[in-house]
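Alright, structures below, take your time with them.
Consider the two complexes below, in which subunit A is the common component and subunit B and subunit C are the respective partners.
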Partner chain A sequence: MLLRHTKPDNGVEREALVINPAKTCQPIGAMYAALGIHNCMPHSHGSQGCCAYHRSMLTRHFKEPVMAATSSFTEGASVFGGQANLLEALGNIFSVYNPDIVAVHTTCLSETIGDDVAQITSKAIESGKVPEGKRVIYASTPSYAGSHVTGFANMVKGMVDGLAGKTGTTQNTVNIIPGFVEPSDMEEIKRISAEMGVKTIVFPDTSGVLNGPMTGKFHMYPSGGATIEQLAATGDSKATLALGPVASAPAAKALDVKFKVPCEVIELPIGITATDRFVDALHRLAGVNVPELINRERGQLLDVMTDMHQYTYGKKVAIAGDPDHIVPLVEFLIDLDMKPIHVVTGTPGKAIPKRLEKALERVGRDVNVKVPGDLFQLHQWIKAEPVDLIIGNTHCKYIARDEDTPLLRLGFPIIDRVGHQYFPTLGYKGGLRLLEKILGILMDRQDRDAPEEAFELVM
Partner chain B sequence: MPSKLKPEELKGELLKAYPAKVARKREKQIIVNKHTGEAANGLPTTPEILSNSRTIPGILTMRGCAYAGCKGVVLGPTRDILHIIHGPIGCSYYAWLTRRNQTRPKTDDDPNYMTYCFSTDMQEENIIYGGEKKLRQAVEEAIAIFKPKALDIFSTCPVGLIGDDIHAVAREMEAKYPDVNIFAFSCEGYKGVSQSAGHHIANNKVFTDVIGLGDSPKTGKYRLNLLGEYNIGGDAFEIERIFEKCGITLQGTFSGNSTYDEFINAHHVDLNLVMCHRSINYMADMMERKYGIPWFKVNFVGADATAKSLRHIAAYYNDDELTQRIEDVIAEEMAAIKEAQAKYRPRCEGKTAVLFVGGSRAHHYQELFRELGMDTIASGYEFAHRDDYEGRHVLPKIKVDADSRNIEELEVTADPVLYKQRLTDEDKAALLDKGIEMNGYEGMMPEMGEGKLIIDDLNHHEAEVLIEKVKPAIFGAGVKEKYVIQKSGVPLKQLHSYDYSGPYAGFKGAANFYEEIDRLVNATPWKLVKAPWQESPELNASYAYVG
Partner chain C sequence: MPDHAIHGLLEDRKGQVLETASGTEPTELRCGTRSAAGSVSQRACVFCGSRVVLYPIADALHLVHGPAGCAAYTWDIRGAMSSGPALHRHSFTTDLRETDVIYGGAAKLEKALRELIAKHAPNAAFIYSTCIVGLIGDDVDAVARRVSADTGIPVIPVKSEGFKGTKKDGYAAACDALMELVGTSPEAPRSVRGINIMGEFNLAGEAWMIREYFERIGVPVVTTLTGDARVETVRRAHTASANIVQCSGSMQGLAIELEKRYGQPYRRVSFFGLEDTAQAIYDVADLLSEFDPELPQRAAQLVGDEMARVLPAIEVFRRDMEGRRAAIYVGGAFKAHSLIKALRHLGMRTVVVGSQTGNSDDYKRLQQLCDPGTVIVDDSNPVELSRFILEKKADLLIGGVKERPIAYKLGVAFCDHNHERKIPLAGFEGMIHFAREVHGSVTSPVWRWTARNREVRA
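Take a look at the complex of A and B:
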């Protein structure tokens, strides 16, 4: 057994010790968000270990180059402040790597010593470390608050704070903040919007950055990413649609407060009901009709949901994931008449349990929910009441193997499989992909376990 | 494809784009290898290289931090010490199983905590009001659930800054739970200039709080410890297999596939072998001073190097029976190696490699490439010191700077009871005559040819220039570099994680590696980079009539 010490109940109410976390820290989310700006160098203001860990983890997840710089604090910098390191770093980054913009995020180290990145950035500009026409934005992302999703949210808000403006002429564009999702998902959001004839600014946008082609040539700044001009223009858009309250609402609200761009915050479009809301919101906000193609994609998803209902009906599911993912996921599972019975997210937040509670109303039984919870807790619940399917990131594979329960990999990080970079799980098409995966996993299991006489040719 | 540039010209290319201050520093870290004289061990002396020096802020480095060196590298591979990371969640999360240290508990009931990740997940109020209370409670909860015999605590950056006394918590908790050995590492990420500081911190605490506590060593005629082997991809399993076949008793490995009991009894052996010199030489030195256990450097990467290291063990024990048995094992194992070399060498011969990894691997892996007939044309470490490059004879000349001075150097004296001298000066001289330098490590540069480029702490920009100018057949580095290099059309072999394969140590590992390198340098997909229409992009005026 891989997790041989986990028992259904160990008689200990844990309050201080997190075991097998279902979250990681803010800066990695900030780094990921910054990679969604075109020609941007993310910068980690802290020890170089933070940057090395974040780059490594993002690289394992995307199997792509992840470029980011660090202030490389030493003990001296930690005592006397990191200003000199950040100034030197900015000078070196612009002269050696020539990005259009550097997106600085903090770490628990620089936050604890109280470095004022805003002030240091001003000083960098004053002292000529930032060449003419180049930009520096920043976000405060202390690792001791929130999670990787919060860090993503803070950096996206940093894009608004640092770059958005208003010319006075409102444009016929809708800002879409896609949340902490895959490059493939961001691409899908853009495709759906384009199909509907909606002019959008999607930010951040890691498509074309973290799912790039093999061409025999390395590009430090790949073709994708929201441009500085696009980000500057977000204040002129007629509305903002924020997908996922944790990851996307702060930036959307900032645009509303600063530039009176009205915003609507909805759940990520995972599954049919949540995608309906997304499409409907676009339809209303942009004043466009929903084209036949989108109706057709919806119909195809619903077709498979009805055709294969017998294989999803009543199946019990355990879920670990980020809040913005698991709320609509739970809804989708319930639409499939599946039973999500154990649910954890590592990300803290007062609103999350309420969102989950609402989404879980239709399950028709008690559900174990812990916010913030960890994978040790989830495993204990699974031992107490087994499930047919686990949905979560790669770390769940240890539980899956020990309990001989199939795992659907979804969320962050997925470091042992590919596909997430290229194939979306958002939208109706993404829903169909998710459903195909769920069915494939459950039906392979049925095929594996069926007695010979009940082994089905046609399913 | 060897570069047409002379080494000095290539060095110039690497430095060209830098601001003056960066160039001035990097100039001392990029060295064209020369053999300048002769050291006491008969090997050439080489130019001085600046290393273990601060990373330049903003320059994309491969390096990690002291915490990674302490928890990730040295302590991480031990399965039955419960590791609690005191800090915000990230540091614990990132060091959770990602280094691929394999372990094999003897029974289904044996403790194994390596699949678990323990963190105090410090929140803002812990940063403001202090985290000791939460840490204390976390230790209690861990003991209540897991009942470990040993538990250690690692501090991350903010812990050092807010002044949490993790050592006091460890002492207090140990007083409350006397059956559990509880100790702590002040390995905040900002210490030192790289992972290297963390190695030293780990060595110190394991030496003071763990080594020497046991009185039930493994039995056998030839007992030794293997220091600095972390069982990535099962390397230690292969070395264990070879030792067993040779009749050598491996008391403990620091720290691949290891247990706490093996550590506490490690001081009873008669020899320490040092594999990764950078991460564990402190332990070898301290154990010699306190217990009189001699050490020498070995290398089990490469079939010839493995055979040589085994022969050195035989020479050390100076015992005919052991010598004969080792020779038999080498003869038997080498038969398969010769076969594998005959198969793979012709497919790799003449190709070039560059290696930028670790504090030993960039040296060790040159052996395997040599066995494939491949030349390592440029090489360097991520976090090594001058002695790993130039050899330990330069140790007295290394200036201790402010960053190194902050890492404690323990005063170690001979234990009045347990110290036992194993070798006289005459014995050492006799061994040196047989090519075994006690307490010696020759370093990378004397073994590399003149004109080769040695680059300490290689960064992204330099890697890009190297690819452009010398286009090696293979690039050995880590996961951050993997896809950067591969996007340029050059396969990268991860020499930290082995790309999730292995083992590559010992005899079986060597054969695995030959096949792996053949796979990489001759892989079919790399040949498909250009689509047919990209090969001849100009539209031709004529057309083919298909009738």
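Take a look at the complex of A and C:
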């Protein structure tokens, strides 16, 4: 549709420009993280538009109401600072919407004019804008740095900075920071841990907030989310397991530095190898054995991988996604004997190319990698060397249509399909779901394209 | 108004809500004010206003100067259809980073512009300033002048810094940008005995439907502003003899400016609902009757033909809808007027009506139009909206992306009348689609499981 008739223009190094971004800005990640706290009102300290855009985008992705307040900056606030706006906002939020906690994130506007959110928050508490027993946390999330993933990471760290404490008695719990993943994935992490008999505090936890059931009732604050008490207790846990270095490591490291809670940072458990590492880490950190049920789930995934390996063999894949997703995804694809050949993420970060390089070691050929890159770049690569499958968010559908290549939707945002809210892609079960989707897509394509005589009933 | 409806509202908000009573004069509703800080407002910003107005110009380059977010959130989210080029459906951004904020982003902007113009050969370029650009003070005008001089195409800065007001100010900034183009082609003003259709963005192909009515009665349309427009047609907008303005919130300012500059008279019209569509066609016939005395007759003929076709078609739906109640929450209040009338055709009564950006006159008119006991609200929020919907026992909410899940959570039917609609709801034909949309949602069996449990909890 958009670029169908154009030729690839490889080798053009663009520095000043992003075409069709493979990322968005920090504040939306911070807003999403804050929704993973029970009874929490996320607050956007900036112009009204930021908050409206983030709420709209999250609503499109989750098909759920998304609540968040804004400081409603005006020209005056941008000249004189946003302190008055934030003070007024906190007063209004607590008196009208009555949350237990407000999670404030900044924007490019409030950062550039130099608002000190920490100082304004203390002032709000001193001047009685924050009622007794209510809490305010904050994170610095300027839109001109990082991406939606780092914004998420910063707000999760804000939870530790603002709420975690230590009583001196270490509890038999493991903190798990699940990263910028779906509510269904957070639910799956909790299920696997529970099956293994590990006591956990999973934070943030948007399950039950953004994948709630239809009840005929509108709750400003749905029933899910990590509670303030749980977040306060994270300093007493015996360990932290951070899933995904970009999204989860900063909070895990903060718990380590402040409260000496040892942390382990691993890749998101996408696919068999990465989930093995996750299960092993839980086993070691919590001192529990792996139960039969989990072994069985692993065996089922392996069974389908075995049964169908001829269908995945050598299939070329192009990937756009967030760094913590694409590294284990690449690993999983290689385990399936597929060839990830074009890989971009919009999120900048020095460590990301190294992680990708390591994950791509076994691919056995040259791979196009761009960090940070955009979807225009990915499209040009696909034109130069076509693939059998594209994996990425909804925005990849333009490329899929132009190049007549199937798309597996994974990542953020997915605004044209449902399912991600309810069915996980993490863990062995999630791996099985991903594999089932990949196979379905490839085999549908084979059926569609097969000549009449080669059209097979049994596959 | 009765206490229960405003119970729990921010003190600040009380002047912005009222409930109509019978036999009273319309009163002043406070509006056009900024939202209280800390409210969960459904409103957007200046940039948003500018972007939605200009983006349908399909052969122009739309470059968002700022961090990637502003470009990412507005990437092809409205179905403004183009019959040809699709450059507007890409997302171009300078992706300003920390160093740009410190040292300035003008050099990056210039580089990006030159590269994109060389690559895509657009017929004009719009540069949207975001919040950050207003703060770091990039000289966007100077960059635009230089690049325009070198490339020979108009390069137009849009002063759309998010914090500089409301979405309405963004509309104004977009209209200023359009004025840079209008009148730059050599033809004489008002040399075409036709019209411009302003404030029509061709969502779901609606501009094409409306255009066709005018073609049928022999009225040429010089350009639509801006649905399926091209730079060239915008440049020739001054050649039309009159203007009609559909989304008046966004483009009335431009119509006034064109009247001043080129003597083009304009009318505020609406193409939502049967009466309003008919009135719009009559208005155009009236505006142009001095050139074509038989035009009003042809207009009447067209309206008659269409009504005869549409009325029986919606009768089927009306039977199921009779007596049901609707709530409306839309961007501009003028559209709400049309919706109330359209709903009456379906036998439905409007019990709650609000907008993000309505003005005082709009709200007075709403009070006259609505039955007693209707809640009228400016710049509402989810908690208020949900309460009003339940208290007034609405069966249907008409709104946009952020309102949809609220309605669904309450077990209330929904019709998207905002930019995410997929089906043309304008014109005579649109009334049938509207009836079908509303019917499909209101009578869905899915509500059987939830209708009894409706409740709101803050």
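Convention: the second predicted complex is superposed on the first by the 453 of 459 C-alpha atoms of A that agree within 3 Å, B and C clash if a C-alpha of one lies under 4 Å from a C-alpha of the other, contacts with A are read in each partner's own complex, and residues count from 1 in each chain.
In this section, a residue touches a chain if its C-beta (ideal position, glycine included) is under 8 Å from a C-beta of that chain, and two chains touch if they have at least 3 such contacts.
Computed from a prediction, not measured in an experiment: that's the story for all the values here.
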item	value
Joint occupancy of subunit A by subunit B and subunit C, clash or fit	clash
Partner chain(s) touched by A:Pro142 [first = subunit B, second = subunit C, both, neither]	both
Which of subunit B and subunit C A:Thr112 touches, first, second, both or neither	both
Contacts of A:Pro65 with subunit B and subunit C, given as first, second, both or neither	both
Which of subunit B and subunit C A:Leu17 touches, first, second, both or neither	both
Common interface positions of subunit A, toward subunit B and toward subunit C	1-2, 14-21, 23-25, 27-28, 43, 46-50, 52-57, 59-60, 63-75, 77-78, 85-86, 88-93, 95-97, 107-109, 112-113, 142-145, 147, 214-219, 346, 376, 395, 398
Residues of subunit A that touch subunit C when the two form their complex	1-2, 9, 14-21, 23-28, 43, 46-57, 59-60, 63-75, 77-78, 85-86, 88-93, 95-98, 107-109, 112-113, 142-145, 147, 214-220, 346, 376, 395, 398
Subunit B to subunit A touching residues, read off their complex	17-19, 22, 54-68, 84, 87-96, 98, 108-109, 111-113, 115-124, 126-127, 134-135, 137-138, 141-142, 144-146, 156-158, 160-162, 188-194, 402-403, 406, 460-461, 464, 467, 478-480, 482-489, 529-530
Subunit C - residues contacting subunit A, complex	8-10, 12, 34-48, 66-75, 77, 86, 89-98, 100-101, 107-109, 111-112, 115-116, 119, 130-132, 134-136, 162-167, 382-383, 386, 401-402, 404-406, 408-411, 449-458
Subunit A to subunit B touching residues, read off their complex	1-5, 10-12, 14-21, 23-25, 27-28, 43, 46-50, 52-57, 59-60, 63-78, 85-86, 88-93, 95-97, 107-109, 111-113, 142-145, 147, 212, 214-219, 346, 376, 395, 398
